[in-house]
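Same chain, two partners: subunit A is paired with subunit B first, then with subunit C.
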Partner chain A sequence: MKVAITSTGNSLDSTIDQRFGRCAYFVIYDTETGGVEILPNPNRDAQEGAGPASVQLVASRDVRKIISGEFGMKIKSLLDSLRIQMVVYKEPEKTVQSVIDMLKK
Partner chain B sequence: MKIAVASGKGGTGKTFVATNLFNVLSGRGEKVTLVDCDAEAPDDLLFFEAGKRDEFEVTHQVPVISKDACTWCGRCSSWCNYNAIFYVPTAKVIEVIENLCHGCGACSFACNSGAITEKPVVLGTVTSFTTSAGSPLIESRMRVNEMSPVRVIKAAIKEAGNEGTVILDAPPGTSCPFVQTVDTADYVVLVTEPTPFGLSDLRQSVETLKTMNKKCAVIINRADIGDNGVKDYIEEEKIPLLAEINYDPVIARCYSEGRLITSEDDKIAGLFASLADKIITEHGTGSNKW
Partner chain C sequence: MSPRPKRLRRVSNPPIISGFKPYGGEVRDRPKGSVFLHFEEYEVIRLCDFENLSHHDASKIMDVSRPTLTRIYAKARAKIAEAMVTGKQIIIEGGKIYFDSDWHICNGCGCYFNQPDKGNRVTECPLCGSGTIENCEAMNVDMAESHRQCADLCACPECGYERPHEPANPCKDQLCPVCGTHLMRKNNLLAKDI
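Then we have the complex of A and B:
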């Protein structure tokens, strides 16, 4: 299963970006293969609609679960309609690697 | 001529200036119209006894997508500049996010499969009133949850026409609604306060107006409560100072109770009258009388 984690930078040592739609990077981790893909978020500076566009982006990668600090109301219903699980993880100090370690267990 | 009255983030007295300027001109029998362009929170009407004359809705066309006709080509979504079409073909999800839609029509144009039709969505209303002094007051009011008040504001300004003096009470900030409002004005009056916040707001407004090539002048409200920063700045920028209005608890109370100080205090009425004359004689067409 693929999991998207919002990240402030383009390495696994970066901390978790608390914003979903306007995060700097998406780290996509595959729990089966252990593979990691880091995508810069093209929507981070979008004037409007960054949230839905970001959902669209991760959904197109077949992500089933998203981990981020917060999600807007509209985002919740879009994710529900796609049956993507949303995990609110308000830990701005934690690194992406630490989340991946948790997923491994 | 159209005069926009604006003030950065707001709260520095633009509504105070706009309504009193309107009141003074109206009181001396000039043809004058007030347009409340602060469509997100219009409040000019509070200061007048006015009867409703007319009201219309401002709409735009948003797409309606038929999933049955859709061939999942993705053109509509990629043509949309506003991320308003949520498109995940793998999950067979395509959805219009109406409050992000600007009604530009690009998606209908892009669709080659006839899957997109359009329906009108109400953005807000424009209401015309006539005040007890016989002058028109036009209010723009955006519907809650809409993304942008711009279309409603533009419709209200259009409704005001071009005769006599039209005063536009501009929306706060310096973003799209402000720009679209002052863009229609011949002259912009910036109301500010002599404080660091006032100055930083004023700077932003002036910089925006410069890029638009708009003439402006400044009114300093509560002129006696702050520092000299604003004065130094406008001197440097060679922006005319139209008036300084000192802080007066009587003015403040009058305003907070929804009354017009220019109807109650001759001295202040005189100040507004000379202010109006300054703007109109210097920048108007001279054809402002009935």
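Then we have the complex of A and C:
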């Protein structure tokens, strides 16, 4: 299963981005192979519609779970219809690596 | 005059398949075309006939009025009957709907999460894997209750009697239990003094 984690930088030592739609990078972690892919978010500076566009990006990678600090208004019904799970994790100091370690357990 | 816009219907369980196909009979006898069953009509059949809920309870779950729900139900049955009698295929799609799922909280790592796939029951946190999770619905009720409490006070302009204000109960319609004067909001009373 693939999990997307929003990140502030393009390494695993970066912290979790507290926003979903306009986060800097998406870290896509595969729980079966342990592989990690880092995608820059093209919607980072979008005026509007960043959330739905990011959902599309993440869904195209076949992600089943998204971990972020916050999700916008338009996101929930979209993700519900795509059957993607949302995890709201409000720990701005935690690094992406620590989240991956939690998922491994 | 334009008609009133349709209220969005809440669908908590999307169907696991996208339609039904007829089989048997002569293929060339089968009619062309299909019956389009909307998501809300699927949901209504699920709630009323599969879960055996009353129309009243189902209408609350779908966030529409009871008469609207009964209308959707009648339409759903008419469509299914048409498909069965004429041998058309059923395609489940469309409708004025939004998908919804419940929120849960994990006491192990403090994260919130939802479960879009209602078929599986939530037993552990998707992040830390601990089993100490709670449904947020109970908490939402508590929050709604505490919201009803407002910080304002009803006060008596004559004797200074005070009590917490109850929402939807205007103070000026009530009498002071001490001296029988009409009560006022404390804020208004203070403003009047100034």
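As a working rule, the second predicted complex is superposed on the first by the 105 of 105 C-alpha atoms of A that agree within 3 Å, B and C clash if a C-alpha of one lies under 4 Å from a C-alpha of the other, contacts with A are read in each partner's own complex, and residues count from 1 in each chain.
The working rule: contacts are C-beta pairs under 8 Å (C-beta built on N, C-alpha and C of every residue); 3 or more make two chains touch, one makes a residue touch a chain.
Nothing here was measured: the structure is a model prediction, and the numbers come from that model.
Colleague: After the alignment on subunit A, I want to confirm one thing: do subunit B and subunit C clash, or do they fit together?
Modeller: fit
Colleague: Name the contact category of A:Asn43: first (subunit B only), second (subunit C only), both, or neither.
Modeller: first
Colleague: Using C-alpha centres only, what angle sits at subunit A with arms pointing to subunit B and subunit C? Round to the nearest 10 degrees.
Modeller: Result: 70 degrees, to the nearest ten.
Colleague: State whether A:Ile67 touches subunit B only (first), subunit C only (second), both chains, or neither.
Modeller: Once the two structures are laid over each other on A, A:Ile67 reaches subunit C alone.
Colleague: Report for A:Asp80: first if it touches subunit B alone, second if subunit C alone, otherwise both or neither.
Modeller: Second partner only.
Colleague: Under the stated touch criterion, which partner chain does A:Lys90 make contact with: subunit B (first), subunit C (second), both, or neither?
Modeller: So A:Lys90 only meets subunit C here.
Colleague: Look at A:Pro52 in the shared chain and tell me whether it touches subunit B only, subunit C only, both, or neither; answer first, second, both or neither.
Modeller: After superposing on A, A:Pro52 lies in contact with subunit B but is clear of subunit C.
Colleague: Which partner chains sit in contact with A:Ile28 here, subunit B, subunit C, both or neither? Use first/second/both/neither.
Modeller: Neither subunit B nor subunit C is touched by A:Ile28.
Colleague: Figure out whether A:Leu12 sits in contact with subunit B (first) or subunit C (second), or with both, or with neither.
Modeller: Neither: A:Leu12 stays clear of subunit B and subunit C.
Colleague: Quick check on the superposed pair: does A:Ile100 touch subunit B, subunit C, both, or neither? Answer first, second, both or neither.
Modeller: It touches nothing on subunit B or subunit C.
Colleague: Rounded to the nearest angstrom, what is the minimum C-alpha distance from subunit B to subunit C in the superposition?
Modeller: Here the least C-alpha separation of subunit B and subunit C stands at 8 Å.
Colleague: Just which bits of subunit A does subunit B share with subunit C as contact spots?
Modeller: 81-83
Colleague: Sort out for me which residues of subunit B touch subunit A in the complex.
Modeller: Touching subunit A from subunit B are residues 77, 82-84, 86-88, 90-91, 93, 95, 97, 100, 147.
Colleague: Would you pull the subunit C residues touching subunit A in the complex into a rising list?
Modeller: Per the touch definition, subunit C meets subunit A at residues 14, 98-101, 109-117, 126-129.
Colleague: State the interface residues of subunit A toward subunit B in the complex, per the touch definition above.
Modeller: 43, 46-50, 52-53, 55-56, 59-60, 62, 74, 78, 81-83
Colleague: Mind listing the subunit A positions that touch subunit C in their complex?
Modeller: Going through subunit A, the ones touching subunit C are 65, 67, 76-77, 79-91, 99, 102-103, 105.
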